[in-house]
Structures are given as structure tokens and as C-alpha cells.
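In order of appearance the chains are A, B, C, D, E and F, and numbering begins at 1 in each one.
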Amino acid sequence: MFDKKLQAKIIIDALPYFKQFNNQVIVIKYGGSILEVEDVNDALFQDIVLLSYLGVKIVLIHGGGPEISRWQKILNIETKFIEGLRVTDSKTMEITEMILSGKVNKNIVAKIQGYGGRAVGICGKDGGTIVAKKKSEQYGFVGEIVDINPSLLTALVNSNYVPVMSPIAYDEDGSSLNINADFVAGKIAISLKAKRLLYLTDVPGILLNKDDPSSVISKIKTTQIDSLIEEGILSKGMIPKTLSAKEAIEAGVEAVHIIDGREPHSLLLEVLTPEGVGTMIVSENYDK
Amino acid sequence: MFDKKLQAKIIIDALPYFKQFNNQVIVIKYGGSILEVEDVNDALFQDIVLLSYLGVKIVLIHGGGPEISRWQKILNIETKFIEGLRVTDSKTMEITEMILSGKVNKNIVAKIQGYGGRAVGICGKDGGTIVAKKKSEQYGFVGEIVDINPSLLTALVNSNYVPVMSPIAYDEDGSSLNINADFVAGKIAISLKAKRLLYLTDVPGILLNKDDPSSVISKIKTTQIDSLIEEGILSKGMIPKTLSAKEAIEAGVEAVHIIDGREPHSLLLEVLTPEGVGTMIVSENYDK
Amino acid sequence: MFDKKLQAKIIIDALPYFKQFNNQVIVIKYGGSILEVEDVNDALFQDIVLLSYLGVKIVLIHGGGPEISRWQKILNIETKFIEGLRVTDSKTMEITEMILSGKVNKNIVAKIQGYGGRAVGICGKDGGTIVAKKKSEQYGFVGEIVDINPSLLTALVNSNYVPVMSPIAYDEDGSSLNINADFVAGKIAISLKAKRLLYLTDVPGILLNKDDPSSVISKIKTTQIDSLIEEGILSKGMIPKTLSAKEAIEAGVEAVHIIDGREPHSLLLEVLTPEGVGTMIVSENYDK
Amino acid sequence: MFDKKLQAKIIIDALPYFKQFNNQVIVIKYGGSILEVEDVNDALFQDIVLLSYLGVKIVLIHGGGPEISRWQKILNIETKFIEGLRVTDSKTMEITEMILSGKVNKNIVAKIQGYGGRAVGICGKDGGTIVAKKKSEQYGFVGEIVDINPSLLTALVNSNYVPVMSPIAYDEDGSSLNINADFVAGKIAISLKAKRLLYLTDVPGILLNKDDPSSVISKIKTTQIDSLIEEGILSKGMIPKTLSAKEAIEAGVEAVHIIDGREPHSLLLEVLTPEGVGTMIVSENYDK
Amino acid sequence: MFDKKLQAKIIIDALPYFKQFNNQVIVIKYGGSILEVEDVNDALFQDIVLLSYLGVKIVLIHGGGPEISRWQKILNIETKFIEGLRVTDSKTMEITEMILSGKVNKNIVAKIQGYGGRAVGICGKDGGTIVAKKKSEQYGFVGEIVDINPSLLTALVNSNYVPVMSPIAYDEDGSSLNINADFVAGKIAISLKAKRLLYLTDVPGILLNKDDPSSVISKIKTTQIDSLIEEGILSKGMIPKTLSAKEAIEAGVEAVHIIDGREPHSLLLEVLTPEGVGTMIVSENYDK
Amino acid sequence: MFDKKLQAKIIIDALPYFKQFNNQVIVIKYGGSILEVEDVNDALFQDIVLLSYLGVKIVLIHGGGPEISRWQKILNIETKFIEGLRVTDSKTMEITEMILSGKVNKNIVAKIQGYGGRAVGICGKDGGTIVAKKKSEQYGFVGEIVDINPSLLTALVNSNYVPVMSPIAYDEDGSSLNINADFVAGKIAISLKAKRLLYLTDVPGILLNKDDPSSVISKIKTTQIDSLIEEGILSKGMIPKTLSAKEAIEAGVEAVHIIDGREPHSLLLEVLTPEGVGTMIVSENYDK
């Protein structure tokens, strides 16, 4: 057992954060890269349940890339990327939706329920939450967001459920589309007037030197993002995250965090302790 | 165009039914056998949207057997039944859940949304709606219902959404289980105090002579069910339907209907016109 | 019996209209000329009950001219009109109120209740709904509207009642006044932010040639009304209707319809089918 | 001006009564005999407005006999009574409804509105409030109450309106029926769980000696009523009042008062001062 | 007994005032000078209970100077004033808080409860209602108001309680501060959007000649206050009252009254009768 | 800074308790013996604020004996106890109320507010919460509870305030009475259907040997209490606590805890960690 004084001290130290996030929305993007489908990170789900008992309204957006690649192999479908986007033919789209909405999504729901939470697994089709269209024919069934209808998400968080959402939507013709989950998270955060948006990734944050994990940049202003992209410090998967972050912050989200989802309880520590981990993105005027 | 007088007459004739079902719950089981996954019955979804605009609270439970068999073939999994139940090994369970919760379920949601309705696709795991356990080791991951928690369904229908539910739940260990959708529909109808429970099947109703589609029995009392099973008039898939019907009626559901889902708008005609189609199951005291 | 397919088709075709009018207010003016007091049009009341079950909030304003004339004869009161307005002495006013608020009004209520609806008969005095003053001494107890207080109407439609209203109000001195029901309907539609205002009359609509019932003008823009009056195409009873329509549309009512109340179910067909009957009045920018 | 001390004293003395009747229903029957149609008693309407500002939920039931007789004379209809009930042929019924629902009722509404109150004039047809049937063919269109549906009255009092109700209902065939207002008041009081039922009449109360106005019996127990009828002390119009009173008290109404409506402010004084006027009818156990 | 007609007349005459103050907030400052602690004015508490039954939302702010002086004597603490403010050392502050919040406050609560009202005794600390800081070191623990948080007061009046408030608050360091109750009343009236603010004092109102009680000025415009102070007509305790009145009226309070609390029922008479007593302060444009 | 893993682990371990007490009432008696008036235990108030952010509805009842004794000395009032009850003459009662309701109570409120909580200080008089009568003339103004009216407490906890209550009430004559706070806490717990009742005292719990602080009895069944009193193991201040505990548990409170208030964060540790401290009193059937 722990020392009792320490126990009390640690819980009491979280008090200001309890207050700050009470009744606020936090949108979390949980990347496929850290989601080992068969061994999902239990610490994260405990954190989510705990935060929801503290009155925080959590919305979880997940990906599932590695599991899709695994099934493409099983089914002998060639995996092909153009500019970081998985080219998605109709066969791949079929299996992508089955994996994301039928397997990964429901696994997460079962885990959260198992820890005593109340979760509901949906995708962008449910309640017409995401209105989308094809990005460009060359990518196949890859979509981009036209509009967000937050009614269902609002109804769920107000009934004290944690919505768990896969980034699948349909277009005007009713065809399923696969959408980049980083962009989905950003748009959802805006539509729900979230206080925070968190990207849980498989790196310690934004790195000044991408080969040096200790070179985490702890704070970035939205005004710096464009030049960081130009300089190549932000590249690949960091680009949709930071562009979404910029858009979200300009629309009123207080701060966006990019943190290491591989660290157990990184969510809890980010939300309930003073020392942030990873990179925090804020507006030019933050702290002034 | 139609004759205007006829048009008016037909709509007006539905008035007593509008009144009767206003604000009532109707649970619909939509069988996999009539659900051609790639070409789902549009008429049904129009009916559901229309009824929800009339203030009827629809809950749709679906199966998906044929699509599961198709994927078992793709993946070289042997299809095996014991006493009408699909023996479900872990590989089959994985693919079953992906198909039912990730494909069939979301297809239905997209269709209902496409006709202007508001649908949310869930499974028995979401919100802990179905508490289940393994039926018996010999069937593998086949479950039976221990309890129903209707909170999520209630929250959704009260927010004017049509819940679309796949019959997948998890057990205490978090393993996914496949449950007979007929039983799920019966238990859900009871837990929601539904006015009606409808089974949409691929036969015209309960047949006195199973080879003669014109031998539909139009009304059965719950007290007759046991002897009809003994006589073999009720067999195979009709057994879980009629046993669920009996239990539901004894728990207060007004009537259970077994109708032909292959007929376009059979749902609408059953609910909004005087001449029922198929077989109606009622209590001993009905009509007295 | 109808052909089932036709039945289903007709009901399904009404679906877009169910959606469009759900939870919207429609104000209906029901003219005395079509209201044969002893044989009120049952089809209309069925339509109203049906629409109220569909979630449409109906407010019905009625006249009763012929019945007033009949009683004036019984009581040997001379019937006299100036510019289309019934000159109303105190004896006529007494009998007018008794007929409109005590007979015609309550007959309509009883009919709607009889078809399973929920109706409440009121006049402009109830809840101080209409604030009025004498139009001019030459007309006697003929009033014009000073203000509308919609609280009682709102309370009734929100409790799912159909308010049925006679166009009688009182002035500051407490004297009863008779008000043109066309104007009342227009002002009520504005105060309730109604989606539509319908005038049920004894002609097929606005006629280009008043002697040719087939010369119905199907659509008129509000900007055309003044010149149509000048040209004499709009005259007599059409003038208060079209002027009220213009004012209502400018205040936000989407469209005003002048239809033939003598046709059974003309209300239902107007609201629930694509082919409008009669004349529709819209703003200059409608359809753009 | 009054002496200020006296003013304060009188208002303060009413405090216990303000508390007692706060948020309670009081049903008042206002007899046609005291209602001089052209000169209705203003004091009563002021009292009603005042009580409604004090949070008392007033429901007013009125008659109108003398005005009916007056119109029968105008129209040369013979006035005929059997056992105190006006024999009502269809012509009489037509004029009765017009007078009660269209004239007397709306006059009262206008008066209450004029004193700053919020009143709504309805009859037993509105909202299906009174379900009635013909009493017996010999009386013609005279009804008796089959059932009361208090939904509309409840909706109105909860929206802070004073319902003013004429005792007209319809039967299954839709024919208008005239019902004894004393009975209506009793049944309405029961259905609304009223705290008090007040009969405002043209006598000072129940008289021991009907020729001696000073012989008012100040309190009667419900158990005494049958013998008082037998002895002839209760006769004519007092019989429906006292029988209704008995039924109301047995159903939970606290007390029924028969008071002199000709005395200005008799309502206010009865409700807000300790010394009752007229006769109070209570249960056997009252005061114990 | 009173004459009944007079009784009725007096109550009826109050009707317009019942209407005017229904559901409105009235803030009352009840001065220590008229509050004989052992013999508090029962008439006032009756008035408050009566007004709260009439639907007026009363908030009572009290002082308690004489009782503080009495205890200073008991405890041998020197009483010292600078510019009309009691210099408050820590010993005096301790006893002041005990007297105001623990004795005077709870006595008032008990009295109001005793007359059948519902009262809750609080101070400016409760619910963080008053945010304060020290006025200046020379006065010791005398505070001035930095901000008002009306949430607790609003919660209490909406639950039909009369908040009774002592003018004690705390500063950032948690030290108790004594605040001028006249200023507290003004700020509270503003924060609650009160209709009226009443100062109950020990003089008949603002006197033109302070030695002549008959020289009450019955109405003052806010624009006159500065010059009245300059001329010395307003002095001492009238200064905080009139300055608060000015601020309150500019912020939307309709009128502020300074009346003689020593007159029994002066509150009731001021609120419910046409002839105001004492001095009424209004804006320049009042009556225009 | 702490080790992050430890931090996360400790917070996560509290999760089951967050769930268990979410939205539940906990009544805390905070004894005068541990309340050093000038140096109140800050850890306790932090605990209360934290628990209220976790959705626990805290009600705090306090005493204040030592401070009363201190003031009796200042004022030369003899301190006298009969059977553990302070004999309370009118002078002592006056000062007791001032200290408890005016000083101790408001100090606690200020502290809770200072830590970011929302507290409201009341006594048993406020809202008529405690109905009391004199216990016996020999004790003077010592009261016993006749009834509890929980409306005000319920209104406050439902508005997310922590009620802080001194054990002062009034009797029928309006005299203030001092009531044993242990009994008050028990009765309040029952009236609010509290989940837990906690006594924070100056001993480590119930001791088998009162001179040996290590002889704490960790669990007692209510059926053992009478014999423990007889044996003298329970004596003095433990008697009202254990008798109240027994009564509370029989009325449905789940468990009563007697813990050492001198230990920092003993409240938090008791509620949020598995290892209870002090003595837990439960029903005979607890754990079965």
C-alpha cells in the first residue's frame, strides 16, 4: 500500500484541474498506430472512465491503420499510399469499414464499459454526424469533411455517455468513405466547442530533430505552424494534426496537445497534473 | 399522378392507426434471410422513416446470416450448425461482429438517414445494453441473454433517433458473443414496454402446411404455441420467434406479428391498415 | 379494399411533406361561405385531425356570414353592407357573437373532437388574444386589429390542442366587435411565425377571368398584388385575403394558399401532395 | 382615504388565508339567477382576478337561465319545466348554446380580462371536457354527466388562465346537451381535486325557514343532507347543490359553501376572512 | 369585527399592486437603528411573509449597529467612528460578525419562519455572494464591495425562500470585513434586477429641514442628489442611501424608497397602496 | 514532483470510489474538539471541495464546544455540565448561538469558499430545518429534535452548494435551543437518505481500551452497541454517536464511520481508498 499522506497529497493536487475541466468537452484522437488491436491500452480506458466520473465530457475518435493493413494482407489486397493517404478501392473500403466500425470501435466500447464507464460506439454515418464527399478520384473512397452535425454527439454526452467514433462517413450517393481521423477530431472539437483537443500518438510530441526523442518542443504557437511545415520540422502525420490544431484554436478551442499515447496514463497526467507532457499548441495570445 | 380523391381517402383511412401508435414503441426484427446486404429493401426504410415522423418509436434489430456465410467462404472457414445455431469459433466470431456491427448495421443506418430519418447503429455492447453469457461450450461464442439495460435505447428514442441494433454482446470476460436476434428482439420489446413486436421474415407467416404459402394462419393465441411446436407446425426459425412472442405478450406487449418482409411496405401496411398480413400472435384474452 | 401497393405508394409519397411540416404552425381561414352550418364539411375536420397527429400545429379561424344573415332574417334585422363590410348595429353584434362564438365555433370543436382530435373553441376576447378598436362609426360594431397577444394560442398548440377561433374581439370599452376573419388569420399567422397560411374559399383560387373557373392563376408574387387589384382581377373578398397574404409573407410566412374549400380534402392534398391546388402567393425571391 | 392602520390590519388579517389557498383549486358556480346579463356583478370579477394573483386557481362554471327565458320569449318558444329542469327541444337547445357559450360566457371573459385577469371561455365540448348523454327523452336535450376529462382545465390553470365554462356538452351523436351547472361544478371540483367548491346563489344560504332570510344554517354535515331533503328544508335548486356538495366532500373536497352572490365581494370575504357568510357543508369528521 | 364592505374594498384596492409586483424582486434594507434586537418589529415580518405569498421575491439586508455598541460596552471596547464609519479592530470585527450573522440575522429568520414564511439567513461570505476588500487601513476591518455574485440569492428566491443577509464579507486573505449595509442593498438590488429598493429607517423620509419631521420631501429625482448633498440637506446616513439609490436607478431599478420603519406596516402600505409614505427617488424621466 | 506513474496509479485506484459515491449524500459531523477555531483544519476543507467536484453531495454539521467555553470565561459565565450536556442559561444560549452560527459556521464557509468550493452556512432555524423542543428544564436551553424538514438542505445540495450547519434550532415559543450535533447529524443523514454518515472526532475510533489508542475496533455491528454501552466500552461522547449510528443504519444509511479528524485528509482517505481508518458501524447483515 501507498503511504497515506502521499495518496492524499496527490489526489488533492489534482483539485484545480477537476475544477477546470468540470462539465467541459475534451476530444481525443487515438491513433491506430498505438492501438494494438488485440491489446488495447487499458490505462487509457481507465483514464477515460475516471475523467467521465469527474464530469468531463469525453469524445473519442479512433483510427485503425495497422489492423486494416493486416486484413489487406489476409485478403491479398495490395496496400498503396499516395501522399500519406491509403488508396482505397471498394474492396478495401468494405473491409476498412468492417474493421473500424465493427471491430476496433466495439472493442474500445467493451473496454470502457468493462472499467465501469458508459460508452456508445458510432461512426460518422450515425445520426448523419459527418457530411462528406470524395476527396479526389485518385484516392478512391477517401473522403473529406463537408459539414459536421453535432446533434447526436451532444445528445450522447448530455446523457453521460462517452461517444467512441470511427472516421467513416457516407457521401451523397450513400457510398462509404474513409476520412483522416486527425481532421475528424479537429472538426468535431470545433463543433462541440471543446475546451481541449488531444492527439495520442506514438511519438513523444513534436520533435525538433525527428531522430532525437528528447528534442520535444513543449509549446508551439499557431502562428509558427506554417513555417514549421515549410522547414520540414512538421511532416507526414504531424501535418493534419497541426493544421487541425490551428483551425481548432482559431475557432475557440483553448489548446491542442500532441502526447505520447504509449505512455500509460498520459491522458490522465496531461489533464490532471501541472506538468504537461508532449507538445502543447496554443494561440499567439495565450498566457498574455 | 394518382386520382386525388383516392389519395385523400387512403391517407385518411390511416388516421385511426396514426392515433393508436402515436408515441408507442414498435420493435422490429429484420431477418438476415431477407436482408440482401448489397440491395437492402428500400421500402422498409422508407416505412421506418415515415413511421418515425408519425411519432412511432421504432427500434430495429437485425441479423445477417447469409453475409456471414459468404465471408466464411471467402476466409475458408467451415460453416457448421448444431440445432439451428451457427457454431461460432473465435475466427468466425471476429468476422461475425465485423459484418453485423460494421457492415450490415451501418448500411441500414445510411439507408434510413438517406431517406431523411435519424438512425444510430449500435450493438448490445453499447451502453451495456445486453448482458450475456455463453450458451454452452459446444456452440462456441454463441450467447444467451442474462439481462437487458434499456437506458441507451430509451435515451435514443426519446431524442427521436431510430436505434438500429446488431445482436452482438460481450460476456463477463469481455469476449464477443453472437446472440439469436429473435430472442434479442423479444427481450428488448419487453424492456421497452413496446406496444408491438414485428418479425419480418422470408415466409408469408406461420403456415399450417409448410409447403403451401397460402396456408397462413392469421391469428394464434399464446396458449396454442406449445402444442403447435409439438405438432411440428412450428419448427426451426419459427420456434425462437414464437417463444419470444409468448414471453413478450405475457409481459405486456399487445401483439406480435410475423410478416413477409419480402413484400414491399409490408411494415407500413401492417401498422397503418386494417387488414393485417401474415400471422398475429395474441394473448388468450385478446378481443374479449 | 384498395390495392395494397397503391396504398403504400400513396402514403410513402407524402413522406417529404410530413417532414416539412413537422412541428410547424399552419393557420387556416375557413370561410363562412363554404361552411354550411348544419352540414359542416367533415373531410376538412378529418384532415385537421390527421395533420395534428402528424405533428402539425393547426390554428383554425372561421367566419359565419350566411348563418348571421339567416338569423338577421329570423329577427327582422335589415342586412346592410358598406364596401363589403356588414354594417353591425348593437342588435346585430349581439346575435353575431352568439352565432360565431356560441354556435359555429362550438360545432366545429365538436366535429374535430368527434374525429378524435383535441380542439378548443375560443374567440379574440379569450386571453386578450385580439386587441381591437372600432373601424369607423359608419360600420357600427366592426373592428380592426390593434395588436395580437399570441400567449393563449401558443399555450394551446403546445399542449397539442387545435385552437378554433371566431373573429370577435372587444374594444377598450368592453364592447364586442366583429372583425374580418381574413385579416385575423393573417395577423395570427404572423404572430405565431406560421409556416403557411391557407384561405379555404368557395372558388377554385384567384381567377384571371372571374367567370371562368378554369382560369386559376397558380402562382402570384407579392409584388404583383397591387397591380392585380388595380386591374380589378382581385376584387371583393379577395382583397383582404391578398393584402393579408402580402403582409404575412413580408413578415416571414413562407407561402399563402387560396384554395377551394368545397373540394373534399383540399387541405390535405395541398399540404401532403406535390401538386398544389388553387393559387399560391409567395415572395419575389421564392424559388431563387 | 382609509386610515392606514386599518388598511394594513385588514390586509394582514388575510395572511393565513393567502397561505391556505395558495396554489389550490377553487371551483365556483355562478348562478344564472344572479347574473343579470347586461349588468354582471363587477365585484365578483375583481375578486376572481385578485384571487388569481394570490396564486389561487379559480375555475368558474356559469348558468344563464333568465337570459334563455328572455330569448325564448323573443323567438316565441314556450318555456316548460319538468321537475325543475327546462324541457329543451332542438330550437331551445340551439338558442341555449348560443346564449350560454356565445354570449354569457364571453361577457364574463371580457369582464375578467378587463380587470386585468387572464380568462378563457370554454364549454364542456372543448377538449372533450364533459362526456355526457341524454338524461331522458322527456326532457329533450338535457344531459347528464358520464365522465369528466380534466386535461384542458388543468392545462389552462397551469398556464395561469381562469377557465370560464358553460355547462354545454355533446353526446355520442354529436348533439348538444344542456346540463345542470350545479352538477357540472361538483364533478369538475372532484376531477381537479379542488380544495373548495362555492355556489354563488340569490339567497343568503340554506334557510331553516325559507321565508326568513335571517334563518341561515351556518354549517351542515354531509350526513344531514338526506334528512334535510326529506324534511323539505332543502328543496328545488338547493337539491342539486347539496347532493353535489355531498359527493364532492366524500371525494375529498374540503368544504362546500353556499353563499349570497348578490352581496358584493361575497367571494373574497368567504375566502379571505375568518367569518364565513352563508352555509358551509362539511364532512362528519370536520373539526375533529 | 370590521365592516365587511370596508374589508373587501381595502383588499380590492390593492389589486393593481398585486399585479405590478408579482414575481418581481424587492430588496429591503432594514436598519440597525430601528431594529431593537430584543423586540424586533413584528409588523415588518408579517408584511414580508404576506408579500412573499403574493409572489413578491423579497431579499432583506439588515444592519445591527446598536447591538454592536452594546456588546462593545460589555467587552470594554472603545466605540470610535471616522466619517460615520465604525472603526473596526479585529476584536470588534469578531464580535460584529457574531452579532450580525449569529444573532440579529437568525432572530429575523426565526421571526419570519414564525409567521409562516420561509427564510434563510446568510451573510456575504455564503456562496461567495459579496467579493470585498478593505476600504482603507484607517477604518480597520471595514470593507467595500468589489463584486456581487448573485447565484445563491437567485437560487434561494427561486426556491421561494426569503434570503436574510448580514453585510459581512471576506477579503482575499479570508479576513472578515464589515460593509455598510446601505451600499450592500444597492448593489444587491442591481445584481438581481430588482424592481424596487426600500430603505426602512428611523426618520419619516428625507427632510427639507432636519428638525421638522413634517418637512418630508415626497419625491426626488436622481439628478438632484448631488446638489442636495452639497446643500447639506442630505447628510450622514442619508448619503450612502441616496448615492446607492442613484446608482441603482441608473442601473435599471425603477424606484428607491426611504420610509419610516418605525411605523407599523410601512412596508406593506408602501408596496400595496397608492399613497406612498416617505421619500421616493426616481430617474429624471420618471412619469414622462 | 512526484513520480508520474505513482501519481497516475494513486488517482486510478480511487476510481471505484468515485463511482460508488457519485451523486450520493455524505453527512459529516465535525466535532468542536478538533475544530481549533483560529486554525481550522485546512486539509478537511480541501477534501470537502474535492469530493464536491467529484459529484458527492456533502452536508457538514459542526459543533464548537471549546470556543463556547472560552467565551463563557471571557464573560464570567460558569461552565456547568449535567450528564455530559452543557447546562445552558439564557446568557449562555445567546453567546452559544452567536459563536456557533455567527463565527464558527461562517469561518468554515469562508474556508471552503477559499479552496474553490461553494458553501452556505445555515443553522437549524433556517428554512425551519430543525423542529425542536426543550429537553428538560434542568438543562435550560438544550433542545431535542422533534422533526427534520430537509427541503432547504435538498435545495442547496441540488444547486451544488455544501450546506454547513450549526446545531441551533428554535422551539414553539421562538426561543433558541442548543442541540447535540451528533444527534443532528444522525437525523439529517436519515432525512436525506445519505449513503454514509461520518463522525470526525479527536480519537482514532472506538477503543477497546480507552487508554490504548492502538486498540481501535475496526468494525462494529449495530446489534453490539447496547452491550458495548453496558460494558462501558462506549461512554461519554461515543454514546450519542453510536446511538445515532444505530438509528441511521436501521433507517437505511449504509455505514457510519467514526474517524480521527486530527489526521490530515482522513475524510478523503476514508471515502476514496480501500483501507478505512477508525471504526465502521454497519448492520448485522452487512457483507452477507
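Criterion: a residue touches a chain if its C-beta (ideal position, glycine included) is under 8 Å from a C-beta of that chain, and two chains touch if they have at least 3 such contacts.
Chains and their UniProt names: A, B, C, D, E, F = Acetylglutamate kinase.
All of these numbers come straight from a predicted model, not from anything done at the bench.
The minimum number of touch steps separating chain E (Acetylglutamate kinase) from chain F (Acetylglutamate kinase) is 1. The set of chains in contact with chain A (Acetylglutamate kinase) as well as chain D (Acetylglutamate kinase) is empty. When each chain is reduced to the average of its Cα atoms, C sits farthest from chain F (Acetylglutamate kinase). Farthest chain from chain E (Acetylglutamate kinase), judged by C-alpha centroids: B. Annotation: the E-F interface is duplicated by C-D among the options B-C, D-E or C-D, judged by over half of the residue-numbered contact pairs being identical. Separating the centre of chain A (Acetylglutamate kinase) from that of chain F (Acetylglutamate kinase), both taken as means of CA atoms, is a distance of 45 Å.
Between the CA-based centres of chain A (Acetylglutamate kinase) and chain B (Acetylglutamate kinase) the separation comes to 35 Å, rounded to the whole angstrom.
Mean C-alpha position of chain B (Acetylglutamate kinase) lies 56 Å from that of chain D (Acetylglutamate kinase).
The set of chain B (Acetylglutamate kinase) residues that touch two or more partner chains is empty. Chain contacts in this assembly form a single closed ring in which each chain touches exactly two others.
The sequence of chains round the contact ring, opened at chain A (Acetylglutamate kinase) and continued through chain F (Acetylglutamate kinase), runs A, F, E, D, C, B. Taken together, the chain D (Acetylglutamate kinase) residues at the contact with chain C (Acetylglutamate kinase) in this complex read 74-75, 94, 97-103, 105-106, 109-111, 113-114, 118-123, 125-128, 152, 155-156, 159, 161, 168, 170, 174, 176. Against chain C (Acetylglutamate kinase), in their complex, chain B (Acetylglutamate kinase) makes its touches with residues 1-2, 4-12, 14-16, 18-19, 22, 43, 46-47, 49-50, 53-55, 115-116, 264-265, 268-269, 272-273, 275.
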